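Have a look at this one.
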């Protein structure tokens, strides 16, 4: 029997003096780390450091350590790369993983700082004074036309107004995460939270489960290349439709739902056989050129009485030109997903080496649309592992209308970013369909945690706006002048449209 | 806190267009070939029609065919090329010129007067059409190289023309040569194709071959020269799709002296045709097979001799193979060729009616023009549709002694292309 | 010498003007006739929707040439006749009605269709029935590339597509459910009945070919069988319905053995990945 050359990444350490021998860890671990023979016995090779057992152990006697195996140092071949070769030699397979790019590329957000008002311009107190975050998502007309209402006043003239825009109470929405990649309880949590927050969640490419119909006004329904769950009712139900062309975690390739995660209900919603792998086709097979996208956008509009249609793309090299084409093809918003974006499953090599940072993508798309005089024709949604309200504020300053959070939302539900989503055995009950695991997310509890997170970030954003001396988010939107770069090269500064600190 | 830089970029009454920012129609006089700082996607629709008997058709047929395909474009570009449209000047080269202003016209005309015998110079006939604005000055010239000047250079008349096109496009600011062939012309600009067609009064021209294009660029209006067709002498190319192998195709061509400026994938297709047909003298059918090659699995199933040819073709011209979705129509004096990519990711349908051969992105475009086609079919991936006009020469320009660099400069008008002195091949 | 032509005045007419032309509509009992010549798809489809809302059961569209989105997103049980060449994305997202084309159809027929029937007395183009989830598409003649991609089914929601002529590459790519049939009978195309990459990525559903395909044409995920009695019994009612539409003889259709392609593995990509 060939032994695997790969050593466990972690060591599970149990202080048996404190251990209650209750077996809780055995039950809690989704990866099958523990067996029990008078006391819990861990198999280190299965541990993913998700901390479920650590959190639920009543005696707090478990800790997870890095398996501090010494490797001969090699700046070119880090241990991860060596392990990848061993793994592939064993299996002949494409390495599949979950969540977002974890490689050490420079983080541009961490090199941008925000302004504050002092002396020459007053800051505003967000605790006691109005601080507006409301945002409208969608196409805005070039100007507002009014006519006399016959009574000495005015009314809007016939034609374009913002009736088809979606009102958001905060510039944060939930990213698309498909039912299948996450559990139904997660979808319920997201939908309930979106409704309470006055914002939106997104079905992702797995269709809309009937349990979510009461929340449909706060749901964007996605049309992806697999067309899962897409029928006219689905299209008409949501607040908007989104054509998914790509995502930051895997630009250029389609969705992956491993067979482990396709149970009867997922099979029904997606209309594919149970247990088979759902690998969405890479392109939409009816979109091979920009005019085909226009054709699809208008087919969706024709089918739904002209509801808003957005297009989601991964941030890649020519994202500005693509975004411009998308806007000219009739989209009401463009969703940009940067290369740090998360996923339920993606080939690791694609996740970690393809795509560009969202900061740059926002900057070039925003500038390009302004250069062409069409910035008002579509909103920009930015995503790609937005980590905090600081990232949110900086993204808005660079030009985004709204940010979408996916990884952060799952972390609100307990995700520890262990990158085990693709196995369908998530101990936290998030990226799994196993009933014994999915029941660990109570939708009410989940909704409350999501509402907490978004409220917290919204309040922090208000604090930031107050410090900037503005009381409405649209005064920060696109205002590159409120950012400065620290430690970025000149060319990057030029591309971002941000000056270096000091100037 | 300074807001000036912000205010500079804020839209005032008129939202700034790319054209304004780059000074194409602003204070600076435009270098027409410089539009493409950004990659321009070739999304769109196209058509080609050729009456193999040489019978002439009104340009109206091209306009009507493009009007049916209106939704394939976004009103930012339309263009036509017609052949046989100047029967009164069958042996004159006809230059269709675009000028930003009078000075550009004067400068260009100074060149014409010095090196050519100009038998007619007149403004292009146009009519006002709603939706067409910001047109450049449009003029046409029927001319031939001055024999005395030509004698001294040892060039063929065609070489001379291309040199002139190169000279004007690269060094006369604000002037652009839209076409320079005999008994043909390109009519293009910013607008929907049917608007452009009516603008140029195309219904009053009659030609045996027409190609047309509806553009969906991701760039702003302002550059009339950016619409398809792309021309050189009497070649005109219209292109739908995107050439994903552009990066290597352009580097491959550079080794032969072609200089590819950024932006238009169409130019690699044009230069590849030039390389294979004119310089390497490949038969047209094989050039198409090199550009849109059969899969290896298909080649392995071919009979031995054919297999050997195909294998060599692919091995040698591999870096020149066009990958990505495309449909291309190449027009010239003598006929037209339509070709799509090797797995047919763009639509292309063909039809014949009597001696007329037509291709288009959508069948309805052909049905608008042909009332009772004999045959309507979908060409196979990578298989060209070829129409040949009876009695006209075939293939193209065997005696053109131009360097590749001169060819590319002539087509794009970019100075860098012209700097290198290249051996005549 | 060519005279200089003077600038003319602005021209209007059917080409620039068609964007806002309303079609002529006539009502006769349950039938509504709409004159679609030179009418833009938006106005034409609005007229169709109005007619259905007003209770029409049969809608006749005359002079159609390239108008898009016919039947898109429509529900109910109306019968729409299209005279002319149907434009792209006909019956896309359609959920119930019948669309019958007397002429050819272009690309995207039955794209993500949910229920209903499409009958085309002619050829159709590329990308038919992409993501189709239910209903029936019957094409009399030839079809193009990438037909029947990712058709999907669940229990009694089963899409069916029958093409009477020949097809090109990528027929039934990535099929997940449903029934896809190719007869190779009513064809004006001189090549083989079907192209390469037939059924590539198949993991559900069934493909039936009248006759045979070369082994090299068939995707590696497909198991190749000869259709047996039971299969033919299931095929028969569908083919009978098909033959009735086009005046064909069911016995002639069934006179040649049919090849059946089904996925050999429900998890064709199971071995492709290793989990990190």
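As written, the chains take the letters A, B and C, and residue 1 is the first residue of each chain.
Note that a contact is a pair of C-beta atoms (placed from the backbone, for glycine too) under 8 Å apart; a residue touches a chain by one contact, two chains touch by 3 or more.
All figures in this text were calculated on a predicted structure; none of them were measured in a lab.
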Write out the two chains that share the greatest number of C-beta pairs in contact.
A-C
Can you tell me which chain lies farthest from chain B, using the average of the Cα atoms as each chain's centre?
A
Distance-wise, how many Å sit between the C-alpha centres of chain B and chain C, to the nearest whole number?
35
Where the CA atoms of chain A average out and where those of chain B average out, how many Å apart are those spots?
43
Chain C residues touching 2+ other chains are 41, 68, 88, 107
For chain A, residues that touch 2 or more chains besides their own:
295, 298
Which chain B residues touch at least two other chains?
71
Across the complex, what residues on chain A touch chain C?
84, 87-88, 90-97, 223, 225-228, 230-233, 235-236, 258-259, 267-268, 270-273, 275-277, 279, 281, 284-286, 295-296, 298-300, 302-304, 347-348, 419, 422-423
Within their complex, chain B touches chain C through residues 63-64, 67-69, 71, 88, 120, 122-123, 125-131, 194-195, 198, 201, 204, 295, 297-298, 301, 343-344, 347, 349, 362-365, 367-368, 375-378, 380-381
Chain A partner, complex, touching residues on chain C are 41-42, 45, 68-69, 72-75, 88-89, 92-95, 107-108, 111-112, 114, 127, 130-131, 133, 146, 149-150, 152-155, 157, 173-174, 176-177, 201, 203-204, 266-276
Report the residues of chain A in contact with chain B in the complex, numbered from low to high.
115, 120-121, 142, 288-292, 294-295, 298, 318, 320-322, 324-325, 328-329, 368, 370-373, 479, 481
Hey, which residues of chain C end up touching chain B in the complex?
1-2, 4-11, 15-16, 18, 41, 65-66, 68, 84-85, 87-88, 104, 106-107, 123, 125-126, 142, 144-145, 168-170, 188-189, 191, 196, 216
